[in-house]
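Below, chain A partners chain B and then partners chain C, in two separate complexes.
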Partner chain A sequence: MDAFLLQILNGLDKGSAYALIALGLTLIFGTLGVVNFAHGALFMIGAFCAVTVQRILSLSYLTEDPTQKDFLGRPLQVATPYVESWFGTDIGSAIISWSVPLAILFTIPIMLAFGYAMERGLIKYFYKRPHADQILVTFGLAIVLQEIIKLFFGANPIQTPEPDALRGSLDIGILLGLDANAIIYPIWRLVYFFFSVAIIGGIFAFLQFTTFGMVVRAGMADRETVGLLGINIDRRFTIMFGIAAAVAGLAGVMYAPINSPNYHMGMDFLVLSFVVVVVGGMGSLPGAVLAGFLLGILESFASTTWATTTIPGINQIVIYLVAIIILLTRPRGLMGRKGVMED
Partner chain B sequence: MFGLDSKDTKLLIVVALLVILAPFILNPFPTDSALAQFNAGYPDLMQRFVIFGIFAIGFNILFGLTGYLSFGHAAFLGVGSYAAVWMFKLLSYNVIPAIALSVIVAALFSVLIGYISLRRSGIYFSILTLAFAQMSFALAYSVLSNPKFNLTNGETGLQVYPGDPQVLHHEGLPDVPHLFGIAMRDNFWEPVFGGWSFTFNNGYYLCAVLLIAVFYLSIRIFRSPFGMMLRAVKSNQQRMNYTGLNARPYTLAAFVISGMYAGLAGGLLAAMDPLAGAERMQWTASGEVVLMTILGGAGTLIGPVLGAGFIKYFENIFSKINDNVLHQWFSFMPDGMEDFMVFVLHPFIGKGWHLTLGLLFMLVVIFLPGGLVEGGQRIAALFRGGRKKRGGAEDGEHHPKPSPHVAE
Partner chain C sequence: MSKSNFTRRGVLRTGAVAGAGVALPTIFTSRASAFTNEPTGSTVKVGFNVPQTGPYADEGMDELRAQELAVQHINGEGDGGMLNTFSSKALDGTGILGKKLEFVTGDTQTKSDAARASAKSMIEKDGVLMINGGSSSGVAVAVQGLCQEAGIVFMAGLTHSNDTTGKDRKANGFRHFFNAYMSAAALAPVLAKAYGKDRRAYHLTADYTWGWTQQESVQAATEAMGWETVNNVLTPLASTDFSSYIAPVLNSGADVLVLNHYGGNMVNSLTQAVQFGLRDKQVNGKNFEIVVPLYSELMAEGAGESVRGVYGSMNWNWQLTDAGTQALVKSFGEKYGRPPSGSAQTCYVQTLLYADAVARAGSFNPCAVVEALEGFEFDGMGNGPTLYRAEDHQCFKDVLVMKGKETPTNQFDLLELVEITPRNQVEYPPNHPMFGGDEASLGSCNDGA
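Moving on, here comes the complex of A and B:
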């Protein structure tokens, strides 16, 4: 029982990332009908926003501390971050420590603007072109974005620690009335899970309960009719593209402490997220979320020692196997509707 | 000739001459001159031109004709390489069984993958092939290299060790891949004319002969009723289904043929250098062949070969250029200007080659969907139009024709 629960929990953080990226992909696909191969790059840019904010906040100046000596006997150079000198040591160090959550505030406008610019500047011209061209141009864009990030940040993963207060792990077993030490789980992964649930809930609420969301849903169902009613649906879809980019960016920011960002993390996630979208059903938002979590959990079950000793390497291929089986038995995916991306 | 019309015969002869004379053509600069760094006539690079040319020709039979965009073709290349190295390990270093087996194994693989993937088309197909390729990569990289059952030798890559059986190997045969005793890595002629030196490599000519053969085959496929049927799939699969034709056997055949081309390329890669690694199957490698085909011109005969040569050549050149070389080039400029130019170009050279490639690829997809071939045609049309009348002929280009509706 505990082991079972532990595997489910282990799958949640990866599953959350899959769900968020797949949600963004589906938003773009459902509204604009574009397959965005650059979505993984947006996830990666989000993660590097966290790195950037952390670096900016810890910008420091050097002072000489006459009381301490370095190994050559000269006065020790002490780096003091500017934020510490402006806000005092306590608040300053707290700000640096909380830089990843703070990066969220920075990421949202950046990613919204980036998504908006990407749609207006590039994707717009590809609506009338075949899907193959859309795939190709976004693939090219993904390479370019990845290489630009590599240019500025280098090829090595960059450690981006979570806030001190959220470091360490939590004994969930005790909370649930089980034995102590039965289920120990890192706090930050729990935070990531709740964060992604909040974002997913926010997106669904936005689409369900606002007028804007209603129009967008109507446009997803029948773009032409909505256009004929005198509503500028293109503008709204552009904004949805921005929102989808922001979702990917947020998924990336919060994922930075779990997996040190490197320039190709986006590509790694993208392939799996596509599989998630296909399994969930192309164009189905709940399907994307459901499949994201399911596949994340499945992967974690396949990584148990029992599974890997029974079938070596099953954890590497289980997602693809499941995707193939699902596509063969349920070609529309788990929750795909009739008429969306049919042949 | 050979059942081709005169235009295709000319094309085939031109390609054959270019490939056979490549050691001369690709070494236009004397060895000692400053421009010698632009020479590409050394065996290793020429082999890559030809091998990736074969790979791209095969990919083009699928993508160019049927419009099915496979993002997993590198899997077949990798499988071919593994099959060839296993032949080296078990039989002997002779390349004939190795290449034969690599084509056969790739064909079997592509039947399996194609049968499943071709149930869907459009993006689904792309994603399915991508998933299969990533799965093969994961299998080769870690799953199939455990101590109990080591098929791929994981990260190290599969290679021939002295303890391997090699049952047909005997004294007198070279200890490197060979064709009945002719070692692939040896050069059979290294003439020096004045300042120029050229290298004629056994392995390169094996690849070259095969390239000409498979290029001829691809012309025949393009011109055959079968090729016509594949084009029909690309232009409107639905209509084809309504006329009572089942498109799937045709697309599957195209998929398997292109998989065999990829397997051949993989086998040749192993024959030139008896080592097979999982990174050959990674999806970036699949992306590369897509880039080559699109850059050269998908659906054209010569395009993929041009694209493969173009990418491999500039990959090689760009990786060699560094800041010092740039400083030399711009040394005629005032100092500040020189530093500025080097600063601007720095991200695009050396390790930044992928950035250049990505940008170039985007530009081609956006402005020149027909690739280099279309670019050449446009320039030719510009010259012809320029002589007759200016302006009028250009207009058609500004309003591109609606592109064919690729199966979706």
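Moving on, here comes the complex of A and C:
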């Protein structure tokens, strides 16, 4: 029982990341009809927004400390962050400690602008081109983006810790009346799960309860008719591209403490997220979210010792295996709509 | 009237035989001196094959910096670095055997096929006499095989698998870096002293040659100290999230987690293990501990605060106080503004050792160089007296046990030196079962002739 609960919990945070990325992919595909292979790179850029904010907040001035020596035996240059000298050590160090949550404020406008510029500057020229062209150009863009990140930040993973107050783990087993240490779960992963649920809820509410969202949903159902009604649907779809980029970016920012960001992290998620979209059903937002969580949990179960000893290598293929089974039994995915990518 | 016995045909025949007789030794001599990329001009080239792209690009960059510095020192530029402390004095700062040393670089991309392609290009197109560097055991074994076939010397970079100088050893290849067996032999007594002999270990192991050999070595060494191994779980090399593997650890009855991971794997698995609160827990009435058998400075930098208090081992570290280490740290630090990493030191030392072996052999012939390196004992390059063992071309020297520093003062001050394990404690016979047993053989040296 406890092992079962533990793997469900483990799957939730990974599933949260899959769901957020797949949600963005589906938003772009559902609105603009573009298969965006650069979406993983947007997730990675989001994570590097967290790194950038952490570095900005940690900007320091150097003072010589003659009592300590550096590696060459010279007086040590001690770095003191500016925020600590401006606001005092306690407040300054707290600001630096909370750099990842603070990075959310920085990431939203950056990613919205980035997504908007990407759509206007590149993607719009590929609307009428085959999906293969879109895949090639967005995949190329992903490689360019990751090489740019590597140029500025290097190839090594960069530690981006969560706030001190949210560090450590919860003994959920004790809360549920089980033995101590039966279910231990990091606090930050719970934060990530609730954060992603909030973002997903926010996106659905935005599409469901605002006029803008209503127009977008109408455009997703029948773009031509909405256009004939005199609504500039292209402009709204461009904004949706920016929102999808921001969702991927936010998924990346909050994921930075879980996996130290490196330039390649987007690619690690990209392929799996596409499988999630296909399993969920192309163009279906609830399908993307459902499949994200389902596959995350399934992957978690497949990584248990019991599973890997029963079927060696199952942890590496389970998602693709499920994708094959779903596509054979439900060709449109779990919640796919008729007519999407079937022309 | 006299009659001459000389005839035109007879003179021609005698001349041909005599000419062949005179030329014969020359033919043999010229055959003997012909070897792959025999230098003819006033310069000689070596190739530095390191990861310049991919996940280990930063480590490759540090190796390149060190190798460039070594070339400068060999050519008499800069302050000479470790040449001033090296026990052999065959190099005089004028290049090698009167020829200036030049280098070309290749990108291994940390992929065996790409590494072989770049090494092949450097051998065939650039005419290099030696290939040096790299940051993976898979790459090292692949390139070592290529250099053996091509008839040039290979000096492996960061490769820690037992196989490189074990079952995959080659006559043309040498390894300055230590190996998984030596890490385990150095670490186990320190771990037993720090954590006690009644411990139960759970291993997470990267699922490829290096991970397997390290796990095997650490398990054997810790069990010899009285530890029990509860489980060993193989994790795919491409894993980034280890939560599914870490979560069951606390419930397994284990009180130590051994992470047989390197690079991004290590950064992520260690960070996540700390996030799961493993180090704050008590199991079997003891504090739960984490061990990372192979440390590198760049990985420690990536893992940040998570390395604090965690034991591991290193081939070399800039904090050593011997004259050789201090000379390199000064040269490297003044030129690049940071202390050299362990892999940088390995590549630097290997470049000097190759040049020195050529100078001592008086020849660039790879087999003469191999002979000069085999059984070579020296000092002054860090780690104290050092031996390049003739039987398997493995370097033997003191091994460092490190611990993540609790209160680092700057970005380079992440690890502290706990113990220098003497060379004799990490030695093993060349036919040790973990190194291919009696069947492992260097084969014979190939000069490419």
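Just so it is clear, the second predicted complex is superposed on the first by the 328 of 343 C-alpha atoms of A that agree within 3 Å, B and C clash if a C-alpha of one lies under 4 Å from a C-alpha of the other, contacts with A are read in each partner's own complex, and residues count from 1 in each chain.
To be clear about the criterion, a residue touches a chain if its C-beta (ideal position, glycine included) is under 8 Å from a C-beta of that chain, and two chains touch if they have at least 3 such contacts.
Bear in mind that the values here come from a model prediction, so they are computed numbers and not experimental data.
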| item | value |
| --- | --- |
| Which of chain B and chain C A:Pro161 touches, first, second, both or neither | second |
| Touched partner set for A:Pro130, first chain B, second chain C, both or neither | first |
| Touched partner set for A:Gln316, first chain B, second chain C, both or neither | both |
| Touching partner for A:Asn181 - first (chain B), second (chain C), both, neither | second |
| Touched partner set for A:Val271, first chain B, second chain C, both or neither | first |
| Contacts of A:Pro331 with chain B and chain C, given as first, second, both or neither | first |
| Partner chain in contact with A:Asp13 - chain B first, chain C second, else both or neither | second |
| On chain A, the residue positions that both chain B and chain C contact, one per complex | 316 |
| Residue ranges of chain A touching chain B (in the complex, touch as defined) | 35, 122, 125, 128-133, 135-137, 139-144, 146-148, 151, 267, 271, 274-275, 277-278, 282, 312-314, 316-317, 320-321, 323-324, 327-328, 331, 341, 343 |
| Chain A - residues contacting chain C, complex | 2-3, 6-7, 9-10, 13-14, 68, 70-72, 76-79, 150, 154-159, 161-162, 167-169, 181-182, 184-186, 188-189, 257-260, 262, 264-265, 268, 299-300, 303-305, 308, 315-316 |
| Contacting residues of chain B [partner chain A, same complex] | 63, 67, 69, 71, 116, 119-124, 126-128, 130-132, 134-135, 138-139, 141-144, 146, 148-149, 237-238, 283-284, 287, 290, 294, 347, 352, 354-355, 357-359, 361-362, 365-366, 369, 402-408 |
| Chain A contact footprint on chain C (complex, rising order) | 53-59, 231, 233-234, 236, 238, 240-241, 243-245, 247-248, 250-251, 264, 267-268, 271-272, 275-277, 280-281, 283, 298, 301-306, 318, 329-330, 333-334, 338-339, 409-410, 412 |
